[in-house]
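In the two assemblies presented below, chain A is common to both, partnered first by chain B and then by chain C.
Right after this comes the complex of A and B.
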């Protein structure tokens, strides 16, 4: 067979950008031989809003409502990263009050919890398992209720700000949070039944989408994807920030490096987040300021400097490389999200040989978030 | 894989019989959380239209639109919000200088007409107006800095032993920090009689460019070091940051900028056309209004001569304001620039009737700003006794270098700045000082800070006290006899409560001097009758038109005898007005008419 004839048998199919199975607005151009994918090229740019560039034209305080939009399901990591980078460069980090540090840790875990509930639903949904995603979204909504009363908004919280957080915990927050956690916990066994206990899920997730262990470090893989290879990498442990060093938790790992293992890491991390939120609320200082005294935000300048800060989002390592030039505006921000690695380089490498029906579950398991790719 | 894994998922059916935990429709219509960021509300009476909310909005969702006539301290504008742009970040609420802006916890609103999705909260009525819940400013979080950088001052116990300046002045670091508090709303510019470029010079100070700051300052104030030390600072009274916090130290910042330079001529870059070449202008009276006219006309090429009766220019800021507030070197620096600008200065020269007539002949225009030089009398028996003196005379004599004595104890009658100055000068001359004022403390026209400074220096304040008479005692001292007053409602609505003597009670105070400081009026004995007749009103004021010109074409006037506010910056503002008026008048080819 000549190469030309081989090619002619291939069918080209666009997966996305308008496809319910795709994780957000991106598309994968695929080539098929039968129902097996031979090649895939990712295309992004459908929701490029130039976040990084916008921030070079905004006051620091005006950048703060921008970054949350880099990740819809989990905005808070972005808020924290920008805040902590600028705090470090301005010296404001020395003034962040203790209570703010605890509240921030709380928010970051609530945010991971909310995101993981959604993704786990996505795991099931991408295989056509109907009810589970709806339940998971409903459970996530309960977390959003708590976000709403804490931050004033359900989806975009705009709450972690330079110097601390924007408001104190409302009266009775801990009790209501506990109630929410209890409700979520009470539903988890059922979720286990319909997802991890499902023959369909097991068959389609086990041994599918295996990421070879050798790629872990050469590609910069992180989050549930690397932990599902049995590698205990987690920024919260490796380079603890805010209050993580004072909290009691173990890094969750699974073996197998397949879709199932990744889903299981998430399932266990849901429980981990619930436990962490309980620990945090138990240790939350009752009194004290929740934000440092800020300079006039309309005129705030930050000395020349640069830094890289990182945090563990539900998807993996998020990092911000930030450069300041002594002016009132950022000189450069580079957002390093796990989705670029997982959703572009890794995905394209995994596609050949994958069954077309498994592409959506694969993307969900890599937790690809396009806005983070095209900042 | 086992049978279990085939059957287990059917547990989902259990849910069909349990209470749903997805949220039913009726619950989604619940009100937003207590601090929900919903549609905006604004207390438009509290809002001053500073526009800070619009400045911080990164989506440019806020337009400041006119809704009422601007008054001092209120731009008359109010924020109008475009919900096609708003991202509900609530930065506008958190930055709002007055705390008037908030967000309700309402989040549903259906409107067919997209135009209606822009509204001015508090002006365009909405169902959520008056909503108690939603996002509001909260204690413990502020995007602006409410506390002022404190001004270092000499210790009151030490300072009364000297004539040294009480206010020490900001360091570079302090000044830049204070300047960085400004939100650049510009309400101050409207409130300043001279409309100085306040946010601009504050911005330049913040950025460390003091030369640029001075350029902005000198653009419309030729005595800024004086104003930087003693101005009545109406600007600070309207500063939007001052509504919930302390106003910017605008006066101290101006002072800081001028203090950075020894010789203003070396650093100023006035960019003006020398349009007045060949035109001659005479200025009578060397107070702030006269200095303003002289300086700005001179830089525009006019030939200006300024005549002053006293040995130094400055007017009341020289002979009245004490040196611990406004020291001589500061005044000399500003006068020096006047000379360098080419103004001819004739001091120790009181213009009299004939000379005035001659000056009218010889010049293209004439300005007089001769101030209020004649003190009001108390009008009580015993006022003619030796030892009853007038604050204005005391201060002038002291400042021109005559020896003055006030004895061991004095009472100063009055509640304005002149009274406070006379008291603090007397205190430094070694006397125990009491101030007797007719009304309440809050009614005193003197600057609050000045009153506090005086009290810190051990000066006693007796309010609601009405002088009855003065008697000479056998020990050579004076008996100042006063009666207490009660406050009665004003005659007309909106007026001030009035003091009314409580009959039958007499208090005595033994003093060496009674110093009268209850105001001053104009003095026109030097003015030719034919001029006075035309320009001076029956009540002793001078009336001018919007160009600063009197009823006599070519004669301009300004300062205390024209305006009702009687402070230095108003005199400067009058001067600025006359500069434009004189330029217009002289360049139209008209000479001073002798009508």
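Right after this comes the complex of A and C.
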């Protein structure tokens, strides 16, 4: 009887799919007691485009325009994972030229930088600090300018291909990239003042959305969320790929495991990405091929096999489980995005006890990206 | 990774095993031994993370393959446990008691492949699809083209297949194309 009475106090509210605070095309069904959330269920499916199924019906080369759409702010990780998995299964990985590996590392880090600028603005925007996200988007656009000149596309690039990349760096690219990095760096102190110096941000971010440390490994938490617990986990260090093993950087960690710590990890990783891009450009080979000799893509078959490859996206460990059957098409590809854990199981466990006004900042801090949940 | 494969061989007698990369190994195991193996790896060998759970449709052999990918955060090694089940009335033991996030993976596989995990919460609850009445769509025998032709009304295509002619007619003699 008591339970029924307690239940009757609850109000059910849908957070999304149309809501400025929701992280993309998804919704959270929530139950409220006063202004405190008692439970929540993540709902996806608004954006399902059957990417994994489509790839089973296409030639290997035709999958690049599909995979980049799995994460709009950061498409290049997906391109690299697909290329890397099939290169490993076909043996093409031994042929990838040195210069292509450096360019790929550059593109992956530029992609991380652009995504982190966007999400750090999202942190502020979800708490009503209006100007910061607009400044951050403007800075991200400078990175997109460089992507446009390098790949021809601003949002989707389809630049990383099997065996290397699609074209060489344009003349004078390194200088223009350096100018972009300087511009971004010059604005960061202002961003620090507006976001991390804001009493509103500090009060609403500190001690909110705390993820218990004991959930870290069992739930498969990764990226800034695990690093904000003080745990130095980063795929770029744990299983280095491309040229990351040759670069000088430390894994960024913070203590507190709350929204503030996650935002601070991202802020410091923006600087880290800037430093890494400079290192990469300084060591970029001047000469040499940027792509291997490729087989006829219309007739390319890959022997029976399966593998799992992973990379550190701005959101955490992004992985591709790929199965080939000796034919010209994929037998199966399973995209394992960090949001699958962060946006469903972890979010649902964090919701009880959270104030409704903190739900949007919480979701931004977990950097939930629905397309990689429903693929 | 060879040490852990040797131990698995002695304790569980897998069907096959291989080292894919220095930090990635694969093991094929009978369905009945899969969950005991996963439990042992989690409880005694440090593979505490369920990275993902996936299914593959081997329609030619009449089997589904379930793949559990485990991670060891100490060594950063990954272990892929593969098990094949019958494609007719497919069912497998749930691991939601071992890993809470497995509920979502099992819910999705149930929806997309029709594999059931008795005892797992949210079985039969839609995850991505809504009001789906056809066969599970990730099965190889699900015909995507036939589905689209049946459910999405077609539209009349343009008369010309030559882009230059089409644009020329629509926008003037020269169109927007360069000579």
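Basically, the second predicted complex is superposed on the first by the 374 of 375 C-alpha atoms of A that agree within 3 Å, B and C clash if a C-alpha of one lies under 4 Å from a C-alpha of the other, contacts with A are read in each partner's own complex, and residues count from 1 in each chain.
In this section, a contact is a pair of C-beta atoms (placed from the backbone, for glycine too) under 8 Å apart; a residue touches a chain by one contact, two chains touch by 3 or more.
Since the structure is predicted, the reported quantities are computational estimates derived from the model, not experimental observations.
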*Where does A:53 make contact in the superposed view: on chain B (first), on chain C (second), on both, or on neither?*
second
*Report for A:93: first if it touches chain B alone, second if chain C alone, otherwise both or neither.*
neither
_Taking the superposition on A as described, I'd like to know which of chain B and chain C A:275 touches: first, second, both or neither._
neither
_According to the stated criteria, A:306 is in contact with first (chain B), second (chain C), both, or neither; which is it?_
second
*Contacts of A:323 with chain B and chain C, given as first, second, both or neither*: second
*First, second, both or neither for A:202, with chain B first and chain C second*: first
*Would you check which partner chain A:33 touches, where first means chain B only, second means chain C only, and both and neither mean what they say?*
neither
_In the superposed model, which partner reaches more residues of chain A, chain B or chain C?_
B
*For chain A, which residues count as touching chain B in their complex?*
58-59, 61-66, 129, 131-132, 134-135, 138-139, 141-142, 145, 148-149, 151-153, 156, 158, 164, 166-168, 170, 183, 187, 190, 193-194, 197-200, 202-203, 289-291, 293-299
_Contacting residues of chain B [partner chain A, same complex]_ = 1, 4-6, 8-9, 11-12, 14-15, 21-23, 32-37, 52, 55-56, 58, 87-91, 94-95, 103, 135, 138, 140-145, 180-184, 206
*Once bound in the complex, which stretches of chain A touch chain C?*
44-45, 48, 50, 52-54, 56-57, 88, 217-220, 233, 238-239, 306-308, 317, 319, 321, 323, 331-332, 334, 336, 340-341, 344-346, 349, 374
*Touching residues (chain side chain C, partner chain A) in the complex*: 20-21, 23-24, 26, 48-52, 54, 56-57, 67, 69, 71, 73, 76, 78, 80, 82, 99-101, 103-104, 126-130, 137-138, 140, 142, 144
